[in-house]
Amino acid sequence: MIDKTVAGTAEAVAGIADGSTVMIGGFGRAGQPVELIDALIEQGAGDLTVVSNNAGNGDVGIAALLAEGRVRKVVCSFPRQHDSWVFDRLYRAGELELELVPQGNLAERIRAAGAGIGAFYSPTGVGTLLAEGKEERTIDGRRYLLEHPIRADVALVAAYRGDRWGNLVYRETARNFGPIMAAAATTTVVQVDELVELGALDPESVATPGIHVDRVVAVGYRPWIHEGRFVGGVDVNGAPLEQSPESSVAGAVR
Amino acid sequence: MTGLSRDELARRIAADIPEGAYVNLGIGAPTLVANHLPEDLEIVLHTENGLLGMGPAPEDGLIDPDLINAGKQAVTALPGAAYFHHADSFGMMRGGHLDICVLGAFQVSERGDLANWSTGEPGAIPAVGGAMDLAIGAKQVFVMTDLLTRDGASKLVAECTYPLTGVACVSRIYTGDAVFDVTPEGLRVREAFGEHTVASLEELTGLTLQAAAPELASAAEEEGGSR
Amino acid sequence: MIDKTVAGTAEAVAGIADGSTVMIGGFGRAGQPVELIDALIEQGAGDLTVVSNNAGNGDVGIAALLAEGRVRKVVCSFPRQHDSWVFDRLYRAGELELELVPQGNLAERIRAAGAGIGAFYSPTGVGTLLAEGKEERTIDGRRYLLEHPIRADVALVAAYRGDRWGNLVYRETARNFGPIMAAAATTTVVQVDELVELGALDPESVATPGIHVDRVVAVGYRPWIHEGRFVGGVDVNGAPLEQSPESSVAGAVR
Amino acid sequence: MTGLSRDELARRIAADIPEGAYVNLGIGAPTLVANHLPEDLEIVLHTENGLLGMGPAPEDGLIDPDLINAGKQAVTALPGAAYFHHADSFGMMRGGHLDICVLGAFQVSERGDLANWSTGEPGAIPAVGGAMDLAIGAKQVFVMTDLLTRDGASKLVAECTYPLTGVACVSRIYTGDAVFDVTPEGLRVREAFGEHTVASLEELTGLTLQAAAPELASAAEEEGGSR
């Protein structure tokens, strides 16, 4: 029997080595595998290169990993946000290396790694500072830059539901980088809200087939989901609103 | 000044978006355009974090942290929406499938070069996000901006001095003072608001401007917002 | 209101010009838009370049289009099949040009067109006859060939269900080339078994968002589907089995 | 001859596929391997036309023309299956995610070059399908073939004379006479069936062969199929 499920997040992140390149899914807080990042902090690996769209929000998730001094380099498109104070401080102090990649090139370079593409020509960034050091080529009259794949030792991904083969479905815009990162890493570790029986996921909706997944751990439903149904009652960061949880659940008819 | 307010400008841009268009509204001021899209027209909004068919913000209590826009604000999904991952989403953009994208700007050059991601200040933390992809990705790139900086300098320039986002990528520039088309001959005044003329706009920008219609060469008779 | 639906297949293929490059979805007969191809034959466009995985089966679909002498060139991975007699005859007679492309390169080149990639390096075909004339480059010690996008004027695609915005879901392995061809053509024309109300398709399962679709026409359920449910009773080509249809439907419990 | 039958060979290959492997069985003889995969082990079959978790052929009456394998035969989907489009499917292959792929061959060279898509005959209609992608895509490429052609020529050769499918891509060759590993030093006899020895195989192939174990250098004591 194939069983990629593991009992807890500590087991899920076991063996991640110092110096690893770690992809971390999510766009802002949506789809950020916060429980796995917490486990990685606990696990202790350092000198990491983190590949993620952002470089942390507030004091949790990627921000907490940065604050612990575990990260040597960040590869991302948008580190500067209103709540990226941890990154800002470390970057200004010269304690973090940054490779800034336009978001679409970041996504396509990650996809290229998973799809075995050696390199590709992208029109994004031509003629800008971010083209420095990159080969430029004109194809059919249009200018392109040569972009190389971004691979990782480990990908940490948050999905909505998964099964023991590692098949995953995502929820809304929390899908974001999950499917492409899962395919681009040597070892892909996934947290899901819920593990379901093999065969319970619609094979037409599986956005990450299990072939791209090594370990799956269930971390329970987000506060805004109740028994598989959206109930709301939170702010955009997932924090409960000030009203009582009961009234929030009751009011969440849409 | 007798030009358009930020909100009137958003309405003016919205009036140029036809039914059936696939549109990406950049973060910041361009998101205001969504408030002015006619409710009886179907215009499909794309958000590059993986959604076509984006709807307005949800009511409090119904915020869903899994459903956000590129500015990381809570949104909704309309009937007919579709979700996809980032590579597919930026493929949509890079592949030229979006009809219109509306972006802010620090500077736009006569050739349509766009600078909107970095002021190049030493010590500033760089962040580009999807700006460079958006700049080169849509069939038409609209810029929504003030004509002048707070210091009175023109944001329309012969050559951008700020770091570029994209080269020769802007189609049209909407400001509170006038609307400009980027043409092979330079900027053409498509429409002037208030009492602006090509001459007054040339004075503000220091650029040689073309006139889209003869009356713009003397005085703008039209009311702002009409077309 | 956005309404990409058209009333019939004739309207769906209207305006396809002589000399067009036409992508045709499907892998063998699965997902082949036979009704649209029939309409294209009726419509009369000729001197076509057809991009498709195969070059026709039996005497229907692509084979019929070839037999009518409408096709100048075929770009495909696998023309030779046990039932490709139409292609075989025309090719041997020197009446058809053939560009043979390994299947994965075909798929990736079509995807590249839709995704705005200028060109990409693929390891497939290195050192073979099909590498002739292609630029080779070694990246990180591995040999790759430079492959260019394949674009089309028109794509003809068969999907399972669609809505008036052009959103599509596919069925099983009939998905094959549909999503990538839909994105790679200037005009994408789709036949679906059934048109559904806007909002009826699960937004998590839409494999082709409407942005990639221009026209949709409903052609009715395949014989092996009854009111949206699989009933079987056919052979792999979709032809009814010899038993009576009633017993076939009744027996199809799985 | 005292080697393995086609079916015994399929069983022999199946015995080398571990539980949990992601496997693509090429069209033709390799599909026989599926019949010998132990029912109590979960092995995930990939078919490049867009399915992981492929199951056996359906019963008559339950054939679904939308659900086929790469050979365009009707198949089924197991619980845990997933569908995807061709670019994703070949990305899976090219990206090295498949553990094993089993292919037929016209010729395999000592270096592991594979020729299996064209005999290069003038006038033949060329067709490559997914062969070149499969050849370079899996972590291990197993070839399933006869050692000799019908004319008695060795299919294992110093240099392929047929057009290549892939360069240095084959890991192991399964024939009814012996199993060979491709190594930097050339072909190594991993296992010999019947009365074959390295010497008898060298005679048949005209190649210098390595022996994986001392006993192979003299006489194969083991029963075919054991390991």
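Labels for the chains are A, B, C and D, by order of writing; each one numbers its residues from 1.
We adopt the following convention: contacts are C-beta pairs under 8 Å (C-beta built on N, C-alpha and C of every residue); 3 or more make two chains touch, one makes a residue touch a chain.
Owing to the predicted nature of the structure, the values given are computational and were not obtained by experimental measurement.
Novice: Consider the two chain pairs A-D and A-B; indicate the one with the greater count of contacting C-beta pairs.
Specialist: A-B
Novice: Express in whole angstrom the distance between the two chain centres, defined as the mean CA positions of chain C and chain D.
Specialist: About 29 Å, centre to centre.
Novice: Provide the C-alpha centroid distance between chain A and chain D, rounded to the nearest whole angstrom.
Specialist: For chain A versus chain D, the centre distance works out to 37 Å.
Novice: Rounded to the nearest whole Å, what is the centre-to-centre distance of chain B and chain D, using the mean of the C-alpha atoms as each centre?
Specialist: Computed from C-alpha means, the inter-chain centre distance equals 56 Å.
Novice: Multi-chain contacts only, two chains or more: what residues does chain D have there?
Specialist: Residue numbers touching two or more other chains: 77, 83-84, 87, 90-91, 93-94, 137.
Novice: Residues touching two or more other chains, restricted to chain C: which are they?
Specialist: Within chain C, residues 108, 111, 115-117, 122-123, 170-172, 204, 207 contact more than one other chain.
Novice: Taking the top-of-page definition of touch, could you list the pairs of chains it picks out?
Specialist: Here the touching pairs of chains are A-B, A-C, A-D, B-C, C-D.
Novice: Where on chain C is chain D touching in the complex?
Specialist: Chain C reaches chain D through residues 27-31, 53, 77-81, 87-88, 91-92, 98, 100-108, 110-111, 122-130, 143, 170-180, 207, 222, 224, 230, 232-238, 241, 243, 248, 251-252, 254.
Novice: Enumerate the contact residues on chain A facing chain C in the complex.
Specialist: 108, 112, 115-123, 137, 139-140, 142, 144, 148, 169-172, 202-205, 207
Novice: Can you name the residues of chain C that touch chain B in the complex?
Specialist: 1-2, 111, 113-117, 163, 165, 167, 183, 197-199, 203-204, 206, 209-212
Novice: Going by the contact rule set out above, which residues of chain D touch chain A in the complex?
Specialist: On the chain D side, the touching residues are 19-20, 22, 42, 44, 46, 52-53, 77, 79-84, 87, 90-98, 137.
Novice: For a test of understanding, state which residues of chain B touch chain A in their complex under the given definition.
Specialist: Within the complex, chain B contacts chain A at residues 47-51, 58, 60-68, 72-74, 77, 83-87, 89-91, 93-94, 113, 118, 123, 125-133, 136-137, 163-167.
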